[in-house]
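Going in written order, the chains are labelled A, B and C, and every chain counts its residues from 1.
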Amino acid sequence: MIQFDFLAVLAEWPLLLKGLAWTLGLTLVATPLGLIIATLGAWSRASGPAWLRRALGVYVELQRNTPFIVQLFFIFFGLPAAGLKLSPEAASLIAMTLNLGAYGTEILRAGIQATPRGQWEAAQSLALSPVQTFTRVVLPPALQRVWPALTSQIIIVMLGSAVCGQISTEELSYAANLIQSRNFRAFEAFIIATLTYLALAMLARRLLMWAGPRFIFGRRPA
Amino acid sequence: MPAEVQADPIVRITALRKSYGANEVLKGIDLDVSRGEVIAIIGKSGSGKSTLLRCVNGLEQFQDGALTVNGKPLLYESAMAMRALRQQVGMIFQGFNLFPHLSVGRNVMLAPTLVKKRSQVDAAEQARALLARVGLAEKFDAMPDQLSGGQQQRVAIARALAMEPAVLLCDEITSALDPELVGEVLRVVESLAEEGMTLLMVTHEMGFARKVADRVVFMHQGRVHEMGSPAELFGAPQTPELRQFLSSLHD
Amino acid sequence: MIEFTLWDIVRNLLLALRWTVALSAIAFIGGGLVGGLLLTLRIGLGRRTQRLIALYVQLFQGTPLLMQLFLAYFGLALLGLEVSAWTAATLALTLYTSAYLVEIWRGCVEAVPRGQWEAARSLALSFGEQLRHVILPQAARLAIAPTVGFLVQVIKGTALASVIGFVELTKAGSMIANASFKPFLVFGCVALLYFALCFPISIFAQRLERQTHAR
């Protein structure tokens, strides 16, 4: 008969809490930064110079076609050899931000390209500058269009942060690993961590779907 | 034009009521359809015309009242009974709903081969004959997206006829067509009427209804508001609602 | 200290790449079979089954793949089975793939217009006949592009198997980077190899997507 001892894991709740805090912290910083990159990237890909579009294209395809863990290892282990040494937390943050930035660029670009022709023409007729047109007329509806997809991507990045424990970032999966190395309750530790991630994902989705219309792209009638 | 009531009506609707949640869309419909009769159902949008039609072949379920086709009531729980019903009652849709991944010929052949277990050879022969009848013999191997709207709708008619139904339901079959394509579809329907097919048509084509229908039913807010021959309904509308409806069409 | 030439590095990475490809293929095909089974159950059986499968999907989509791998590895060990990293990785990735694929395919079935269902029903086709002859052919056509696209996710997912000790491309890269003291070069090559594997598939999936919507 298999004996489970969840209490042994829950007894280490300070460690779990610290891990949870780090996971949330990393996500909370990487998300706005990633979204800023996504906005700039999407705008550039839609209406920037050709060289910039191509460079961004390379960035996006590299991000989408390589595993996150490899990107992380490259940033943390590889860059020091080229002169740039980073803390585990900084490397994690950069990797997550770049990842969200790349996927966000593509998602937002699709949203922008779905803008009806008439919107651009109306803005032009009203003598709005390109920046004004973008920020006031094009971007808010585009964000609303792709908000569910962006939300999903943010959650993917948050769940992906579990890998950062491999470079000793003290987030949730690191905490679970640490706990199980002490009390050998590996299965219980990882179940608890997994359920915590699941709860985080569900809460994050609700929160983002609620916050988006309110704060990001303006109130809209249902 | 067959006489009013001969044998038992082929479709008998009695005190039919249907609601969507709290919203009652059919408030007690009584209608008897005789074999070979052509009935045009007219009315404003939201009057329940399409819903009534879709109750006859079971695409919509009603909550109260009775509906029998060929003497048999609708048994929703029995998949076999519903399939038997749909072999008796065919439907043509506003949006055609041809199967895009099958050629025109295969669209017509599909149901007879699967349901009536007809052989491929017989089904193909029947399909060719029916397509010729609707004027599309040469399109047997074409794909639906290569056809115009009017052609697609005529294929849909052939597809429904392949099952040799006793009653044909037409749900605004020309409403989605460009005006110049409407005539070719209506000509096919008229020929069906002349051959004695029982037709229930929800339509906005008043000229067609006047010419081809034996009876016109005007529906208003979920009830049969007026019913009679085309001459009666179009020539001498009794109720203000019908008068208003008819005048709004002429604007 | 052993000197590693670029060719030494690349050669060893390529050898490990075989295992990445093998794991990806098995997980993708296995996941496809399980996903297909789940889809049939979902369509055929009632509300409760639908809810169970939706829960299954949410479990895999709402938790990190890394955790799934750990749970497979330690979970199987608990049952007293002789668990290698390969077995655990195969199990975890197969189930992961099945959850994502059943969700993708469900979306494709729902994307077939209602009118198709109604027309098929009106022609007296049984539910099974409606699915087989009218709905699934159209859903399958819609499903090709996103399914091929998901293969890229599977390949990237195999990289996490390195964490439970399976020697595929990423693990080999870590080991070689440690031994050669050339992490920049080694991980750079690892990234490029993944790119070489995934990028053509991504492009192919994009082309399929364009074709599907061109009709």
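Everything that follows uses one rule, which is that contacts are C-beta pairs under 8 Å (C-beta built on N, C-alpha and C of every residue); 3 or more make two chains touch, one makes a residue touch a chain.
Note that the coordinates shown come from a computational prediction; the quantities given were computed from them, not determined experimentally.
Centrality by Cα centroid goes to chain C. By number of C-beta pairs in contact, chains A-C lead all other pairings. Among the other chains, B has the CA centre that is most remote from the centre of chain A. Chain centres here are Cα averages; for chain A and chain B they lie 54 Å apart.
Rounded to whole angstrom, the centroid-to-centroid distance between chain B and chain C, based on C-alpha atoms, equals 47 Å.
Once the centre of each chain is set as its mean CA position, chain A and chain C turn out to be 21 Å apart.
In the complex of the two chains, the chain C residues touching chain B come out as 113, 115-116, 118-127, 129, 133-134, 137-138, 141, 215. Chain B contributes residues 57, 59, 79, 83-87, 90-91, 93, 95, 97-101, 110-111, 114-115, 145, 156, 159-160, 163 to its touches with chain C in the complex.
Touching chain C in their complex are the following residues of chain A: 2, 61-62, 64-71, 73-74, 77-82, 155, 159-163, 166, 173, 176, 180, 186-187, 190-191, 193-194, 197-198, 201-202.
Note for the complex: chain C touches chain A at residues 58-59, 61-68, 70-71, 74-75, 78-79, 152, 156-157, 159-160, 162-163, 170, 173-174, 177, 182-188, 190-191, 194-195, 198-199, 202.
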